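Presented sequentially are two complexes of chain A, the first with chain B as partner and the second with chain C.
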Partner chain A sequence: MSETRPESDVEPADAAAERTKPHRRPSPIGSRPLARPRTSPAALAPNTARSGHATAPVHRVSAIARQRRRVALLALAGLALLAAAMLAGICLGENDLSPARALNALFFGTGDRGDVLLVGRFRTPRVLSAVIAGAGLAVAGAVLQRVARNPLASPDVVGITGGASLGATAAVALGLAAPLTPVAALGGGLCAATVLGLLAVQIDGSQAAPRLKGGISPTRLVLVGLAVQAGLTAAVNLFIVRFPAELASSALHWTTGSLYGRNWNETIIGAVTMTAALTAAFALHRRAAVLDLGDDAAGALGVRPGPARLQLLAVAVVLASLAVALTGPVGFVALAVPHLVHRLAGPPTPGTLALNALAGALLLLTADLVAQHALPLDGLPVGVVTATLGAPFLLALMARQNRPDPRTAR
Partner chain B sequence: MTNAPNAITAENLRIGYGRHTIVADLDLTLPGGRVTAIVGPNACGKSTLLRGLARLIAPAAGTVAIDGDDVHRMSARALARRLGLLPQQPVAPEGISVEALVRLGRYPHQRALRPWSAADSAAVETALVRTGTAALRDLPVDHLSGGQRQRAWIALALAQDTPLLLLDEPTTFLDLRHQLDVLDLVSELNATADRTVVMVLHDLGQAARYADHLVVMRDGAPAAVGPPADVLTAELVEDVFGVPCRVVPDPETGTPLVVPRASARHRRP
Partner chain C sequence: MPDALPTTAATRRRTPARATAVLAVGLAALAVCVALSLALGTRPVPLPTVVDALLGHDTSRDALAVTGIRLPRTVIGLVVGAALGLAGAVCQGVTRNPLASPTTLGVNAGAALAVVTAIHLLGLTRPAEFLPFALAGAALAAVAVFALARGAGDLDPVRLALSGTVLASVLAAWTSAVLLTSEQTLDEARFWLVGSLASRGLDMLAPVAAPLLAGALLAFFVAPALNALSLGDETAAALGVPVARTRLLGGVAVVLLAASAVAVAGPIAFIGLAAPHLVRAVIGPDHRLLLPGCLIGGPVLLLAADVLGRMLLRPTEIEVGIITAFLGAPLLAVLARKAAR
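And then the complex of A and B:
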């Protein structure tokens, strides 16, 4: 083979090799229904194989474009559902209002003064808190699972929510004013993450191949995180057991995760800080995508794996802590939403990250509506609902993981 | 030869993991615009050297320079615009399509507020076409055969569009047909775009056939460096690999071909 052989030589050789495999036989020219699975061998059709030019065939809809369209459709559907759920959130309650009455009271402040108070003061902050926290939790989970390369990594598993709970419980124990509880939760989450980071790095350092400067290996991160979470849960329980009864019930209520009694101040602070953290998550998306290729490939593309992983980790921690500060440690959302979005929308892109935010908001809000209105029990915290959903989901996930990976079983 | 652009030079380079030194006090110049093959027995530090040259491992001592510019003084991104590396057995993220994978090669050229340019698109198209992966672009990488997957990864490195390309065992686990495809592609890239190519290979005959310059490594140090015809002798191969052999001219190309001596049992009567 000479070095100057034409491009077209490359392809038929391979296409011929492919054709010998019966299951990869190219389909007739032009027959390429969109409904075919993405693994369709139609892409190997001889016409595309021979036209080795820089200009792609006009009729081709690339996998990337197809995914974009899918994400856009899902986002539209998600937005519609979210709008409906938000409307339900401000309408439903002990006094059910008609949508017209509720919206009127919210946006124009007209009508019954009781309505205005009910919708503006109580229901809207609760709905918005659910949206903000749900979005934050889901994106935190998506980022964490990606960085840790572990589908079970989520803020509730690696100790971040545990730290936030401990912070909040400590605040209650010390008799701090109620508005300081979320601040303490945020501080606790960040402290737990720092401890997690230090432990993971130190354990790394004792190995034959130390990775300094924040080089945390994904597996260690999860294992150390499990230990941190277990320790923190024990500490929270200790606090609650030693508390006077009335404080204990207050702390317990907080540590199950609840949207009860959110006010406008908390909601606005949460919205502003969460927007900033979400922006950071989107800004880091491309770096995360390169990091997915493995440390060496990422390094060769100009992404230093250690610092990049730390940045992503920091964003995930802040997102999760802010969410926990607003609602308490609501489980399941951060774990499940990224999996659902991955199944529906395919491999991660900025679009799927946005879908994560949307789906997280929708899930948390819906769970809260269910907890408030659809169950016979009164005053059930939303965390109980999500945790009840979460346990079977986690088991199903593990069962699926235990099946042989189709990629390795080739 | 060393005056051609995109030469890479290591001086006093010492690389290791922790206290364990793999490559010690290495001085080496890999000529610009040529194909260099690095060969040597397993665990002699070939991959480590390659990773050290690409700054994936910080050296304990010494410098690596591209045309005199110290790579350790460049930003990671600036280096990634001059030097690309295809790691050994890379694993693609689950479900990613060939095109999406190749697009990631443009990362070092992108800026925060200018996400995707016409130049990026053009580079990706060129890379897909040159590696013969244009028809596979919509398939998930994890559904490809070994040879196709390797070409998709080479396409990523091509989209990165660097004048220097390092390949760590690009032919391992490929059958002969696909090995030759990859090597032909590499020498074509070198010939048409004047790229400097450095690759780690196991097959000495292929190394001699495809490389202009050969580095034979032993225990983290170069045992011999130079054109394959000068370097590859029976004494050297026996010395480095512990294999008694004859070196004969390749009947196709005239480059040295290493033929191991048969043990008495297999020798022709």
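And then the complex of A and C:
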């Protein structure tokens, strides 16, 4: 697991922050530099970790070591929980199987033929889809929130998953082959991200350079994203009305987010593409860490902020779109997981990025299990469960946005 | 009632000559939209036939298309547009929020969810039966959104709009969930659900007449108090306006108007947001003029969108709810830009 990877890419960044802005730490609230909005958890993170110990480097090192231990422990716990949830996913259903029977059927193909079919053909792809999509969504959310310096900027809130689901719906409508669905979703996601970027930049005021600056108010971005979402929903509705009823139902799946009826073909395509995209996200992590220091410091460290930011945004969009191509726009995961991980594991490192993937997979899989088994309604799509959980979470986050954050009042 | 106009510019605008001119232009625009709605459709009907059919001289198939389909559709468009426009204006007045509307506050979505659930569980088929459920759903959603926005403090405009939109997205997810469990419900509800004026008879207006009328009367009753409210709660109270009662009555008016419109035509988005802004740009912020203005502005927008939907993809048509959502989304983005701090 990557939590054991060396974290050398973060430490020089922190050290550079010490060098470049030694006078900023004790500054009063009013004179906080605008380039680093206090609302961003990513920008905030190194400060909170450091604030008490900044004058004693020895303590800092031990703090980093402590965080590493903590991340490793959390990863172990997460892996254990994920394994348990996956096992539950292949055991539970209309016919509950014992774990031994299910595992036998899965790995050795022995036992009852019905079991083998049930586990191998239906339940395993569903479980794997949940894991892949959950990991992708959570990492996409983490990267997006960090780069946009906005704790509310997750692909489902700002409309990227809506665009991807429009692309996927269009692919279904035009009768394209299954392997093309992720491509279409990707196209839709990129289009939505571009529209959002243009609107957000416009909102930013007279910024000459077309780039996402830190100046966009988080709630404003959400409102613009919801507007984009409304337009996209209208487009999907157009398809739903145009289709015959049975196709309309499958189009509706794409607007809600559901793990129902995943097959091996889609799962394998999803797994391969998602692995590539996740690798890219980890490879770019160093740049995200440098960007956290502000554009000037990043330039001094040899990272051009414009292209780096664009690469990271592109990776986030690709991750979210691939997840949508697999499951439809499942909300909440991308928004909530980075916040939970940040609270549990502390400032972002490659290790916490891996934790994000793990927690996202766990959350989506658990939500699907709850939707399938714990609720009295039959065939409830997982997207409904996550949307219901996500709304109060989003509102609570926004409420905290408008209050001065106690952690920043240092 | 206290005359509480906030700006002198608005007062200056109310010269009799200007008022007459604005009224004339508004009525002319409405007449043009009605004429277009009667004259244009997926079935090409020559203009003389349209006139003959309306005068009752013609009974050909073409004439039937005009009297049997386009005329009811236009009338329903007028009524629904007026209801949505009025509801939007009251929404914005009550919440003192330029982003408020039955769509952005989740009221439409609440009505839609209740109706779809009723279709699914009770097997309703006639929109006339939708009304009580639409009313209940709209009322619940309105109460919920105010509770959500209130819970965290004062009624910040962006917060209220966000709470409403977030609530609307959850309600939409639950609507999808109901639709996904039953293909039959989906087939019955999907055309209603996107918002459409097509294939509805005039008899559909009978059951909603009473709530529409009550809602409109309430709206006009609170109009002067809304002017005072636009100065802020404390000033309004100092001027002798019962703030809480005004909010409550305004909210009831919004629920009555929006739920009736949804029961007839489905949740048509953004007319309630756009119409008050359009009218306000022309005649200023005085609610005593704004509300009647929305009775003209709402139908103009709705009929124009409906005609556009009929003409874009001939010979098929696009439902008016889809057109308004496409046009309304950028409007919301622009307004959000203006409203946020």
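In this section, the second predicted complex is superposed on the first by the 289 of 410 C-alpha atoms of A that agree within 3 Å, B and C clash if a C-alpha of one lies under 4 Å from a C-alpha of the other, contacts with A are read in each partner's own complex, and residues count from 1 in each chain.
Following the convention adopted for this analysis, contacts are C-beta pairs under 8 Å (C-beta built on N, C-alpha and C of every residue); 3 or more make two chains touch, one makes a residue touch a chain.
All values reported here derive from a predicted model rather than from experimental measurement.
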Check: Now for A:Gly120: first (chain B), second (chain C), both, or neither, which partner does it touch?
Finding: neither
Note to self: With both complexes overlaid on chain A, does A:Ile240 touch chain B (first), chain C (second), both or neither?
What the structure shows: second
Check: Does chain B (first) or chain C (second) touch A:Val224, or do both, or does neither?
Finding: second
Notebook entry, point to check: Touching A:Ser249, do we find chain B (first), chain C (second), both, or neither?
Noted result: second
Checklist line | chain B versus chain C as contact partner of A:Leu301, first or second or both or neither | finding: first
Next item on the list: Using the touch definition from the top, say if A:Val384 reaches chain B (first), chain C (second), both or neither.
Entry: second
Notebook entry, point to check: Which partner does A:Gly93 reach: the first (chain B), the second (chain C), both, or neither?
Noted result: neither
Next item on the list: Figure out whether A:Gly111 sits in contact with chain B (first) or chain C (second), or with both, or with neither.
Entry: neither
Check: Common interface residues of chain A with chain B and chain C?
Finding: none
Check: Okay, in this complex, where on chain B does chain A touch?
Finding: 17-18, 20, 51, 54-56, 75-81, 83-87, 90-97, 99-101, 103-105, 107-108, 110, 112, 115, 122, 125-126, 129-132, 134-140, 142-143, 145, 147-148, 156-157, 160, 166, 177, 180-181, 184-185, 187-188, 191-192
Margin query: Please output the residues of chain A touching chain B within their complex, sorted ascending.
Written below: 1, 3-5, 7, 10-11, 13-15, 17-18, 38-39, 43-45, 48-49, 52-56, 62-64, 208-210, 283, 286, 289-290, 292-297, 299-304, 346-348, 407
Margin query: For the complex, give me every residue of chain C touching chain A.
Written below: 99, 148, 151-153, 156, 158-159, 161-163, 165-167, 169-170, 172-174, 176-177, 179-181, 183, 186-187, 190-191, 193-194, 269-270, 318-319, 321-322, 325-326, 328-330, 332-333, 336-337, 340-341
Check: Which of the residues in chain A come into contact with chain C in the complex?
Finding: 199, 202-203, 217, 219-220, 222-224, 226-231, 233-235, 237-238, 240-241, 245-246, 248-249, 252-253, 255-256, 258, 331, 377-381, 383-384, 387-388, 391, 394-395, 398-399, 402
